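We just call them A, B and C in the order they show up, numbering each chain from 1.
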Amino acid sequence: MSEAKNKEVLLQADKLTRRFGGLVANQDISVTLERQMIHVLLGPNGAGKSTCINMLSGDLPPSEGKIHFMGKDITGLTAAQRSQVGIGRSYQRTNIFPQFSVLENVRLAAQSRRQEPWRIFSKAMEAKWALEKARTCIDEAGLGKRVDWVSGVLSHGEQRQLEIAMVLATDAQVLLLDEPLAGMGSEESASMVEVLKRLRQTRGILLVEHDMDAVFAVADMITVMVNGQLLECGPPAQIKASVAVQQAYLGTEDSFHV
Amino acid sequence: MNAQASFILKLVAIAVLACVPLSGESFYIEIVGKVLVMAIFAMSLDLLVGFTGLVSFGHAAYFGIAAYAVAILSPQYEAASLWYVLPASIGLAALAAFVIGLFVLRTKGIYFIMVTLAFAQMAYFIFHDTALGGGSDGMYLNNKPSAAIFGWEPFDLNNEVHMFYFILAIMVLVYLFLARVLQSPFGRALVGIKSNEHRMQSLGYFTFRYKLGAFTLAGGLGGLAGFLYAVLFGFVTPELLSWHESGNVLLMVILGGMGNLAGVIAGAFAFEMMREVFADITKYWQLLMGGVIVAVVLFLPGGLAGIPGRIKRAMQGGDAK
Amino acid sequence: MDFATFLIQTLNSLQYGLLLFLVASGLTLVFGIMGIINLAHGSFYMIGAYLAFVLTSATGSLVMAIVLGIPLALAFGAFLEWALFAHLYKRDHLEQVLLTYGLILIFEQLRSLLVGDDVHGVAIPAFLDASIQLTEVMSYPVYRLAISAVCIVLAIALYFVIQRTRLGMMIRAGNDDRTMVESLGININMIYRIVFALGVALAALAGMLASPISSVFPNMGSHVLIISFVIVVIGGIGSVWGALVAALIVGFADTFGKVLVPELSGIVVYVVMAVVLLWRPEGILKKG
């Protein structure tokens, strides 16, 4: 287990705080994401994980705190700007283009990397680079056999795969994945975990997940959040053994039995 | 219906339309010409409503601005050059759409509908209350633009048959143009925005720019329709910018089934036909029109373009049990 | 502008703004709580005015007309909601816009059929038909002051109902989370019906109150409708308080605009709206 390698810090969030009127959803959350690392955000329901990931992706502005991407301050950037810079996001609730085919969903994602809107007489379907990239990403996400299906009829798990394919097509360096395994059976879960491991080789992945088995199979680093606050952060072994974490889960419906 | 049948149907429709001047009846030539102008107007709005998902209730503003532009820019006692007033009018309408777009596209949903209506009202009042366009009486276009290039006149818009084919040709070109734009990456992005704008943003699209582009383009094409209207009838009034006009063209779009260019052309025909027929039946024709509108919304969500599908499903539903 | 004129225009602005508030409050409530955009709202104003004309002619008293007219308007609103608007909740905005646009046509034509297209006057009730002396040369109609007073009372009553009663609480809750309210056993459909009927009645009442001043004429609803939209945009959807502030702003802008820049008076209101849009696209006082 060599940890001597000095990994490149891709995403650095410092003391992110988010208030909704009187409610403090996130308080002083700091997270570091390095390349070739899978960092998992863990916590019982209502811990504030979604708020945190929303702040990282630009879907929600923080009330306080800063975010840096590869050294640059991106706190003020919109979601679209962050995507262009290299941050990709997948969503827990279905957030695709349901009337489009799987191919078109991912092709649109790929197209975002080379936007030339003034070329109104060129045909989108003749841009081979986008189509090829889309097909590659669809295969990588394991959705190859559904390429021409209308995405709205895919199963919940398949839509999660589609989300991954779309994010891949944007060449994101940082992947922010919100419950990518939701709705998947054990076989699909296992293949998705393999996909994530493969992706880890070249990028940094931050994910929110409930499935404990998968979390501990794949995480390099775990941050546990409770009630909007950072409880503990460390490698899986440390978290598994932590009494504080066990206690945090007691009295919640989530179980912490691994 | 499949692509081949659809293509043949469109060719037949164009052929039928092309035969209208052969009837020699000025009345029909003018009225079909007007419907073709409305079809262009409706297609321009469909780009916004049916494809980008922007429900604009003020589209008549651009129609009217271009109509007034050709009247104002044309000299009083001689014909202006078509090759000057046409681009100028469209350009002004597009410019207005661009500027207004900068304001209205800051809003969404219900707000957007209301502010587009409000800005169109603003334009209406400008033409109605000031001396810019002859006030509430409107103004005349004394001479139709001349198509002369260096002394050679390819066609004469004073000739009603030439005028008709001019309008028909432009309508077909607009259709082909929009069909092509919608296949472009820009067009696909617009459709993506309609489907899920939030996702487009998180994929790295600056959706405000795309929407502004669509709004401006639609404004320019709406202006093209307004230009043709002014040239066809030789008279413009502030009522061209009224919200009734905006409502009518919106109705044409929904009648035709949004997001279907050919359907929208059919919608324009259906609307104008209804207007003529109802006006013949009773002086309270708007009552019938209102009733039809309510009925269409309640019972015909796919518009006319949706009818073949509904018939098919109804027939299949009967058999397959 | 001398002081007397200024005072008169201020009172006019107040009265106009408050009347607009009556109309806009119903509009913003229906938008905010039911999510429906209703272009026919201006027609209710028109219907109120024509009701005032018909009933005043029949009974000889505007007060009587109002007393009879309000329940009629409420019933009409409840009926409309049941027959048509209840079907619109699930529809998208475009369909709502079109259907209610169709309704405008129907209402205008029915009005034309039943009452004709003439312009009519409505008599001010005798006990209000006087003037208050402001200066030696300027006086101000009592009736206009009465309008403002009635509107203020209604505004307070509206505030009270929404903020302090169980009904108001249910209305506010239904605005935030319809399904939750339903699961609590509260009949959300009834609430919607009440809110809609209330909106209709407020607009109709505004029309009735305005009828002696503005006369009763075809298409009187259109202008009020669009101005109401501007008010809702400026004030923020769903915010009754925002509608009040915005209505007063519009009342002042329009009235003083007519005095100061008569040729451009028609567009002053829209310029104000454009400025607000640049500054706060969600409205000045949008809640939440």
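FYI, a residue touches a chain if its C-beta (ideal position, glycine included) is under 8 Å from a C-beta of that chain, and two chains touch if they have at least 3 such contacts.
Worth saying up front: this structure is predicted, and the values here are computed from it rather than measured.
Among the chains in view, B has its Cα centre nearest the centre of the complete protein Cα set. A centroid comparison over C-alpha atoms places A as the chain most distant from chain C.
Computed from the mean C-alpha positions, the centre of chain B lies at a distance of 33 Å from the centre of chain C.
Averaged C-alpha coordinates put the centre of chain A at 44 Å from the centre of chain B.
Chain geometry summary: the mean Cα position of chain A and that of chain C are 49 Å apart. Taken residue by residue, chain A touches two or more other chains at no position, since every residue touches fewer. Across the assembly, chain B contributes no residue that touches 2 or more other chains.
The set of chain C residues that touch two or more partner chains is empty. On the side of chain C, the complex with chain B involves touching residues 31, 35, 37, 84, 87, 91, 93-95, 97-99, 101-106, 108-110, 112-113, 222, 226, 229-230, 232-233, 237, 263-267, 270-271, 273-274, 277-278, 281-283. Those residues of chain B that touch chain C in the complex are listed here as 49, 55, 57, 103-104, 106-107, 109-111, 113-115, 117-119, 121-122, 125-126, 128-130, 243, 247, 250-251, 254, 258, 284, 286-287, 289-294, 296-298, 301. Put simply, chain B touches chain A in their complex at residues 180-181, 183-189, 192, 195-196, 198-207, 209-210, 213. Across the complex, chain A meets chain B through its residues 57-59, 78-80, 83-84, 89, 91, 95-100, 104, 108-109, 111-113, 115-125, 127, 166, 170.
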